[in-house]
Amino acid sequence: MTWLLAIPLLPALAFALLAPLPRVTRNALRWVPAVAMAGSLAGALAAFAMVLRSGGGDQPIYHTSFAIATIGGKALDVGIQLDAVAAIMLLVVTIVGMCVQVYSLGYMHRDGRVGWYFAVLSLFSAAMLGLVLASDFLLLYMCWEVMGLCSYLLIGFWHTQEAPRMASIKAFLTTRVGDVGFAIALAIMYASVGSFGFAAVLHGYSWTPALATAVSLLLLFGAMGKSAQVPLHVWLPDAMAGPTPASALIHAATMVAAGVYLVARAMPLFEISQVALTVTLVVGTGTALLGALLATVQHDIKKVLAYSTISQLGYMFIALGTGSAVAGLFHLMTHAFFKSLLFLGAGVIIHAVHTQDMREMGGLRKLLPWTTAAFTAGALALAGVFPFSGFWSKDEILVSLWSGGHYVVFALALFAAFLTAFYMTRLWFRVFAGPAQKPEVREAHVEMIVPMVLLAGISLVVGFASPFFATFLGEHGGWPDIMMAVGSSAVATSGIVAGWWVFGKKAVDTEALKARFPHLYGIFDNKFYFDRTYEFVFVNAYNRLSDALWTFDTKVIDGAVDGFGHAWSAVAGGSWTFDAKVIDGAVMGLASTVTWIGARVRRLQAGRVQTYQRLVMAAVILLVLWIALKGA
Amino acid sequence: MPSAIPALPFYLLVTAIIGGALMTIFSRNVVHAAFWLLEAMVAVSGLFLLLSAEFLALVQLLVYAGAVAVLTLFVIMLTLRRREDAIRPLDTSVAAAGLAAVFGIVTAIAVGGFSPLPARMPAAAPGIAQFGGELFTRWALPFEVASVVLLIALVGAVWWSGEDEDQ
Amino acid sequence: MSAVVGLREFLVLSAVLFALGLYGALSKKSAIMILMAIELMTNAVNIALIAMSRFLTPGLMTGQFFAAFIMVVSTAEIGLGLALVLALYRRTRTVEVDRIDRLKG
Amino acid sequence: MRSYLLIAPELVMLASALLAMFADVLPVRGRRVAAWIGAAGAAAALVIALAVGPGSVTLFGSMLRFDSLAVFARAATAGLTSVYLLWLAGNGASVGRTREATTLALLAAMGAMLMSGARDLVLLFLTMEAATMPAYVLIGFDRGDERGLEGALKYFLLSMVTSLVMLYGMAFLFGMSGTTSLDGLRVTAFGSLGLIAAVLTIVGLLAKLAAAPFHYWSPDAYAGAPAFSVAFVSSVPKIAGVVALVRVVGVLGPQVRGLTDVMLTVAVASMVIGNFAAFGQKDVRRLMAYSGVAHVGYLLLALAGGTEAGSIGAVLYAVAYAVPSMAIMFVVAEEGPTLDDMDGLLSRRPLAAWAMLVFLLSLVGVPPLAGFFGKLYMFSAALDAGLVWPVVLAFAFSAVSAGYYFGIVRSAFLGQRPRAVRVRSTRNRAADVAIAICLLATVLLGLLAGPMLSVLGYALR
Amino acid sequence: MSYLLTTIVFLPLAAAVICAMLPKDLAGAAKWVAATVMAFDVTLVGWLLATFDVRGGVQAVVDIPWVPQIAIRYHLGADGISLAMLALSALLGLIAVVASWKMDKSPGTYFVMLMLLQVGMNGVFVALDLVLFYVFWELVLVPMYFLIAMWGGERRSYASLKFFLYTLAGSVFMLVGIIALYLYSGPNNTFDIAELVRASAGGAFNGIQGWLFLAFFLGFAVKVPIWPLHTWLPDAHVEAPTAASVLLAGVLLKMGTYGFIRIALPILPVAAKAWAPWIAALAVISIVYGASVAFAQTDVKKLIAYSSVSHMGFVMLGIASGTAAGLDGAVAVMVSHGLVTGLLFLMVGMVYERTHTRQIAELSGLSSQVPAIGGILAFASFASLGLPGLSGFVGEFLSLLGSWQSTLVPHWMTVVAAVGVMLAAAYMLWMVQRVVLGEASEAVSRISDITAREVAYVLPLIGLTVLVGVYWNSLLRFVDPAVQGIVTILARVV
C-alpha cells in the first residue's frame, strides 16, 4: 500500500518541478499540477474503494511510519495511515482540488504569473493531503504550517497591490497565533506520552482530566486560528483579496476545514474533558451566529460567502461540541462541495461584471444561464433545502444538538439557519433578479462551467449518503427522524420567503431601516469592532513596544556603556578635551571615562622634581609606618 | 686601643657635624653652604678616627673633603653669572620639613628600640693591614664592580660635557 | 648625655644627619644644593655602618668595606650629577629644579 | 677555574664594552663598527651563559651564585642586549655616536647580569648602581635636547634619593644580622627596626622597577629621552631588577609579617595607575612608560603570592614583557614618537606594522603569544596562593589595556595620512633583522614555553 | 594518533602564510589559494563525516604534551556535536571565500585575515584542552577585528573595537575560570576537559561550582550573545563586510553556546542545574527582546542581527532545559541558524552590492525585478521564521519540547518562547513584505539578477536547509549520541 504516499507526493513533486523554473517556462507548464492532481484523485478513489470494501470503522486498514529523528536515544516516528475518516477527506480534497485546478486553467490563463499560482496551489494540495493522511500530530502540524505558508502566498498572489499584501500577512500571523497553542499542546503530549502518534496519544495513554482539558483546549485554540472561529476569524474576510479559485479551495473546502478535522481526530481526548466540549460548543454557536449576522449586511459577494463559511464552520464546531465527530465531518464534506461551488460561481460572476460589489450586479439570470443554475443549486444546499446536501448535514447537527439536550443552542442554531437562508436569498436576488445593469455579459468558458456543474450534481446527491456515512465511520447510522426534517425545512423556507419578501418584492426600504437604527448598523458595519480593537490593542501596542525597546537598546544599554563617560563628565564637571582620534577611536563612553580618570591620575605628574621627591618619600614613610604598626 | 670612646671629643665632633649640616642647609649663600659642607665632612672623618677606622677616615678626608667639595665649588663658580646670584632666598618647605622630621623620629625611635645596643665598645679592632688583605681577597669582586661604576661615571661625564656636534 | 658613648649615640647622630640631608634634598630648588644634601645623607649612612661594624662585629670589617664602596659609588654619581647639571645649565641657563618642568602629563 | 668560567659571560661583555669604546683605534672604519662589536660580544656572552649553566662561584667569598633562575635572566639580558646593539648598528646614522651608546649599554648589561647572581647586599648595591647609571646617560643621550637632559636629571635625583633610602635600610639589615650575605639576614629579633629596614631596602628595588607610587620618574624620563634609549632602559635592566627583588623578598618575606601585603598594595597601585594613566596618551614613549608601570604591577602580584612558582613566573613574564616592549620602541624610534607619526604605517612598511601588532597583542596577553603564557603561569601561581580578586582585577586590567594599545594599532592600520616623505629612511637590513628576531622570540616564547621552562628548572607541580 | 584534525585545523594557516607572502601585484591570486585550500579542507571534513562512527564518542584524537610543566596538552578530538560545528565552520568558510571573489581593496591581507579566522574557528570546536580552547577562542578575535576595521562600513572603527573589547572582557573571566578549574582539579592539576569532568564527578569543585559557572557564563554569554550583553552584535554585523558577517553569525556566535555545551554543563553540572532557571529567563528575554527590536529596524542587516539574538535565545533555552530534546534542539538551532542566517547575509550582501543600500524603505519589489534573488531571500526568511520542512523549525521545536519536558524551566517560559516564534514570523514577513514583494523601487529597478557564481555558493546552503528540515536525523544522527552523554552527567546530579 506504499502507493498511498504518492497521493501527497505527486502535487509536491509538481511544485518542486515548477518552483525553480524561470517565469516563462513555468507559465507554459501550468497544466502539470492539474495532471498531478488527477493522479491524486485516482489514488483517493482507489483508497476510498479499499476502505469501503473493508467495511470502514475506526481502525486504520494501513499504517506505516518512519523515524525522522532520534532524541535521547528514542526514535521519533512520523508516518501516514488510511482509515475511514482519511478516505473521506482524501475524496473531498481531491475532488474539490481537481475542480479548482480545471476551473483555474480558464480563470487565470491571462495572468502573467499563472505558473507560480498553479505551483503554489499544487504545494497547498500536497500539504492538505499530507495532513489528512498523517498518522501522528507532528506530521499533521508540519503540513498544517506549510498550508499556512501557501495561504499566505495565494492570498498575497497579486502582491503588487497593497490590500492583498496586508491581507496575506494578517492571515499568516492570525493563524500563527493559533499555532502557538497547537505547539504547546504538542509539547505537553511529548512530555507526557513521549510520542505524537494518534494511537499512542489518543488510546495508549491514560490522561488525567486536567491534562486532557489543557491539551484539548490548546488544540481547539490552534483549530480556531486555522478555521477562523471567533475571535480569530478576522483574517478570513480580508483573505478574499486573493484569486477566487484559490479562495474556493482554501477558504471553502480544505484549509479552513483542517481545524475541524484536527478536533475530530482528537475527539477521544475531547471526550475525556467535559470543559473542552462545552467550550467548543460555545465557540461554535458564537461563530455561527456572528457569521450569519455579518453575512446579511455585506455588499461584496465574496465577503458574504466568507462570512457564510465562518458561520458554517461554526456549525461544524457545534457538532463537535456535542461530541459527535460524524455530524461535524459530514457537514464538512457537504459544505466543502457546495461552498466551493458558490465560490467558483462567484468567480464567474466577478469575471463577467468585473466587480465584486453586488449593488452593481443584477439580472444575470438570463445572461449566465449555466452559472445561475449551478449557483442556485449551491445556494439551496447552503440554505438547507431538501433534497440538497446542506439540508441533510445541518439536520444531523440539529439532531445531535436536540438529543444532546442543548436546547438553547438548538434554538440559536435554528435562528442561524434562518439567517443563512435569508442572506443567500438576498444575495440571489441582488445578483440574479432585477434589471441587468451590465447587458454585455457573456457566459463563462466550458472549463469553468463543467466543474461547477459537477459540484452542483454532487451537492444534490451526496446528501442521501448520510445514513451510510455514520456506519462507514463506525457509528450507528440511520435516517433522521421526520419531525426534525420538517422543522428545519420550515425554517429554511421561511428564511427564503423573508429574503424574497425584502429583496425580491423590495417591500421593505433597507435604506430607511439603516437610518432608523444608525448605531446598530454602525456595529454591523464595523464588524463588531474586532478589527479596530485588534489593530489598537495588539498591532499598534506591539509597534510602540518594539520602538521603545529599540530606543532602550541604543540609548540605555548601549548608551550606558557609551554614555557613562559623558554622564560622568557632566557629574564631575570635568571638561576634558581630546582630539578626534580619541573620540572616534574611543570604542565606548567607557573609554572616555577611563581617559578622564587617566587625566586625574596624571595630575600628580606635574613635572616638578620636588613634588615627585616628596610624593615618593611620603609613600615610603606611609609604608614604614604601616609595617611598623602591623609588626609591633 | 681605648676600650671606650671618651665622651668629650665625641660630643665636640657631633656638634661640628650637626652644626655644619645645619649651616649647609640653612645658609643663604651657596658658596658658604659648600664650605660648611666641607667642615662637616672633616668632622665626620674625625668621628671615623674615634671609631678606629683609620683608613676610612683618610679616604673620607681625601675623597669627600678634598675632591667632592672642591668639585662642587667649581660647578657653583661655573653656574653663577653674577656675584649676587649666590645669595638666594632661603627655600623652605613645610612639607619637606614634615616628612624629614617624621622619618627622623621614626628611625630614632626604632634605633632606640634596637635592644642589644651594647654601650661598651669591644676591645680589639682590626687594623688597616687586615683591611688591605681582605680588600683583594674576599671583596675583590665588589672592588672590580666599583671600578666599572667609576668607568661608567667617567664615560657619562665626558659625554655630557662634550660638544653637541652635528647629529 | 650619658657619660659613656655607646652605639645608640652614633645611630641617633646618623638618624639626625640623615633627616637633615633628607630635608635639604626635598626642599632645595637648586640642583647643586640637592647634591650637597645627598652627600650629607650618604655620610649619615656611612657613620651608621661603621659604628655598627665597630660595635657589633669587631672581628670582621664588612661594614667598613660597605662604607668604602658607598663612598666610591656616591662620589662617582655626584661627579656624573654635576656634569649633568652643567650640561643642563649650558642649555637652559638655570639650575633651578622647579623651573625645568617642561615634561609633564 | 670553574668560577672564572662562571663569570665568563660578564667578562666578555666587559671586554666588548672596552673594545667598543676604543673602536676608533681599530683598523675597521665606519661609525657603527662599535655597535657590531657590541652585538657580537653580547651574543657570545649569551651562548656562554647558556653553555655554562648554573653553579656557584667559590671565589670572592661566595658572593655570587647562579641558580637556574639567574642563568635564565643572564641569558635573556645578554640576548636582548645583543639584539638591541644589532638594531643600533642598523640605525647608527639616525642615533649619532653609537660608540658611547654601545659602551654604556654593554656595561649596564654586565651590571645587570652580575646582579641576577648577587647573593650579597654590597655586591647587589654595586651591581644595581652599575646597571642604572648608564640609564641616566642614555636617557639624556641627546646632548642638544634639554628635554632629554631634564628627564635624565629627574631620573637621577629620584634614583639617588631612593638608593640612599635603600642603603639606609641595608645598613641596618647588616647591623642586625652581622653579615651582608643575603642568606644570613636575620631581622626577626629586632622588632620594628627590622621591619623598617626591610621595607626601606625593598622600596629601593621597587623604585628601580618604576613600580607605583615610586614611578614618577619614568613617564617624564621616557618622554624626554630619544626612543632608542627608552628601548634599552625600559626593558633590559628590569629583568635583573625582578631577579634581585625575588632574592630579597625570598629572604625577608617569611621574616617580615605583612611584607606580602605591601607588595600586594604596590602591585594593585601600579596596575591602577599604569593602566588608567596610559589612556589618552598621544606620545608612544609616555604610553609605554605607564604600560611598564602596569606590567610591573602584574609581576609584583605574582611575587606577592610568595610561592616559588610565582617568582619563576614573574621572571619569565619580565622577559615576555621586555622583548615586545623593546621591539615596539625600535619601530617608534624609526617612525617617530607620536601616534600621528604612526599613521599609515601599514601602507609604508607592512612588515613593521604586522610586527607591531604582534608585539602589542603580546602585551595585551592575547594567546598564543608570550604575554599570554607569561600571565597564565604568574596568575595561576597567584591564584594558587589565594589572591583571587587581585588576579581577576589584573585580568580585567589587561583586557582594558587593549583600549590604549589599540590606539597605536588603529593609527598604524587605519590611519589614512601616510606621511609625505620619510625623513630618515637610513635604517638598513640589520634593524629589520633585529625586529624580526624580537618577533620570533615573542611568538616562540609563547609556543615553546615548555622546553624553555625546563631551562628555568620549573617545578610548579 | 590521527593527523586528520591537525591538518583540518592548520591547513588554512598555511594558506594564510602563502597569501601573506604574495607580492603586491600577485595579490589577486590570494583568492585562488584560499579557495583551493578551503575546498580541500571541506573535503577532509567530508571524509571525516563519512567515516565517523556515530556510536564511537570522541574520535580522530591527537593528544601530545605541549607544556608538560603545567599539564597543558595539545589535545584535539571530535564527537558528534563538534563534528557538526566543524562541518558548518568549514562549509561557511569556503562559501565566505567564494562570496568575496570580487574583493579588490588589498585582497592579499583580506584573505590572510579570513584564513586566520578559519584556523581559530576550526580549532575551537575540536580542542579538548581548556588552554588550547582558549587560544583558538582568542585567535578568532584579531582577524575579525581587522575584517571589520579595515573592510567595514562607516562606523567600522567604533564597531570593531567594541566587538574586540566586549569579547575580550568576557574572555578574561573565562580565563580566570579555566585557571581556577586547573588549580582545584584535585591531586594532579589538569586542563584536560575529560579529566576535569571526571574530577568534577568526584566532587573536586563542589564548594565553588557557583563561582566557576559565573566566570564561564560571563565569558560565553558575551559571545552568544545573551541579553543584555548583546549590544555589540548589531554594530559588528552592520559594519562587517558580507563574508565577515556570514562567518560572524554563522560560526562565531556558536562558539559561546558550544562553550556551554562542551565545558560549562559537563564540568559544572551542579551549578548548571542551579542556574538553569535564570539562564532560561535570560534566554526567553533574548527571544522576545530580539524579535521586538528587530521589528523596529530600518536596516535589513540590523534586523537580521537582532533576529540572531532571538534565535540564540532558543539555543540557550534548549541548553538550560538540560533534557535530550532541549540539547538536540540547541545544536540543531546552532547548525540551522548558521545555514539560514548565513544565507540571509549572503543575499543581503548581493542586494547591497547591486543597490548600495540596506535601508528597507529604499528597497522593494525584488521579486519583480530580480525574481531569483527575491525568491531565495524569501526562502531564507521562511526558513528563519521556523517553517516546518526547513531546518529552522527543527531546532526551535525541539527546544520548546525540551524546555517543557525539563523540570528546570518553568512552563510559562516555554509559552513565552512559543509566542517568540510567532513574533519571529511577524518581523520576518514584515521584512519580506517590504523588500521582496510590491512594486520595484527606484534603487531596485535597474539591478541585474543572480550570477552563476552566486548560485554556486548559495545552493549548498539551500540544499542543506531542506535536507535537515525534512530528514531531521541527517543532523541528529551525529548530535544525539553526544548529547546523551551530557544528559547522563546532568541526570546524575540530584
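Going in written order, the chains are labelled A, B, C, D and E, and every chain counts its residues from 1.
Everything that follows uses one rule, which is that contacts are C-beta pairs under 8 Å (C-beta built on N, C-alpha and C of every residue); 3 or more make two chains touch, one makes a residue touch a chain.
Nothing here was measured: the structure is a model prediction, and the numbers come from that model.
Enquirer: Using direct touches as single steps, what is the fewest number of steps from chain B over to chain E?
Expert: Graph distance in the chain contact network comes out at 2.
Enquirer: What's the fewest number of moves from chain C to chain E, given that each move must go to a chain touching the current one?
Expert: Contact-graph shortest path, chain C to chain E, evaluates to 2.
Enquirer: Taking each chain's centre as the mean of its CA atoms, which one is farthest from the centre of chain D?
Expert: A
Enquirer: Would you identify the chain whose C-alpha centroid lies closest to the centroid of all protein C-alpha atoms displayed?
Expert: Nearest to the common C-alpha centre lies chain E.
Enquirer: Sort out for me whether D-E or B-C is joined by the greater number of C-beta contact pairs.
Expert: Spelling it out, more C-beta pairs touch across B-C than across the other pair.
Enquirer: What chain is the most remote from chain E, judged by the mean position of CA atoms in each chain?
Expert: Result for max centroid distance from chain E is chain B.
Enquirer: What is the distance, in whole Å, between the centres of chain B and chain D, each centre taken as the mean of its C-alpha atoms?
Expert: Going by mean C-alpha positions, chain B sits 32 Å from chain D.
Enquirer: Provide the C-alpha centroid distance between chain A and chain D, rounded to the nearest whole angstrom.
Expert: Inter-chain centre distance comes to 75 Å.
Enquirer: Just how far, in Å, is the C-alpha centre of chain D from the one of chain C?
Expert: Spacing between the chain centres: roughly 27 Å.
Enquirer: Can you give the whole-Å distance between the Cα centres of chain A and chain E?
Expert: 35
Enquirer: On chain C, where are the residues touching two or more other chains?
Expert: 18, 21-22, 25-27, 29, 53, 56, 65, 69, 73, 76-77, 80, 84-85, 87, 97, 101-105
Enquirer: Touching at least two other chains at once: which residues of chain B meet that condition?
Expert: Answer for chain B, listing residues that touch two or more other chains: 93, 95-96, 99, 103, 106-107, 110-111, 114, 139, 142, 146, 149, 152-153, 156, 160.
Enquirer: Which residues belonging to chain E are in contact with no fewer than two other chains?
Expert: 157, 161, 164-165
Enquirer: Provide the full list of chain pairs in touch.
Expert: Listed in label order, the chain pairs in contact are A-B, A-C, A-D, A-E, B-C, B-D, C-D, D-E.
Enquirer: Quick one: in the complex, what on chain C touches chain D?
Expert: Going by the criterion above, the answer is residues 18, 21-22, 25, 31, 34, 38, 41-42, 44-45, 48-49, 52-53, 56-57, 62-63, 65-66, 69-70, 73, 76-77, 80-81, 84-85, 87-88, 91-92, 97, 100-105.
Enquirer: Looking at the complex, which residues from chain E come into contact with chain A?
Expert: Residue positions touching the partner: 157-158, 161-162, 164-165, 228, 231, 289, 292-297, 323-325, 328, 365, 367-368, 371, 382, 387-389, 393-394, 397-398, 400-401, 404-405, 414-415, 418-419, 421-422, 425-426, 429-430, 433, 437-439, 471-473, 476-477, 480, 483-484, 487.
Enquirer: Flag every residue of chain C that touches chain B in the complex, lowest number first.
Expert: Interface residues on the chain C side: 1-13, 15-24, 26-30, 32-33, 35-37, 39-40, 43, 46-47, 50-51, 53-56, 58-61, 64-65, 67-69, 71-73, 75-80, 82-87, 89, 95.
Enquirer: Quick one: in the complex, what on chain B touches chain C?
Expert: Contacts found on chain B: 4-7, 10-11, 14, 17-18, 21-22, 24-25, 30, 33-34, 37, 40-41, 44, 47-48, 51-53, 55-56, 59-60, 63-64, 67-68, 71-72, 75-76, 78-79, 88, 91-93, 95-97, 99-101, 103-104, 107-108, 111-112, 114, 117-126, 130-131, 134-135, 139, 142-143, 146, 149-150, 152-153, 156-157, 160-161.
Enquirer: Can you check the complex and tell me which residues of chain B touch chain D?
Expert: Chain B residues touching chain D: 106-107, 109-111, 113-115, 137-142, 145-146, 148-149, 151-153, 155-156, 159-160, 162-164, 167.
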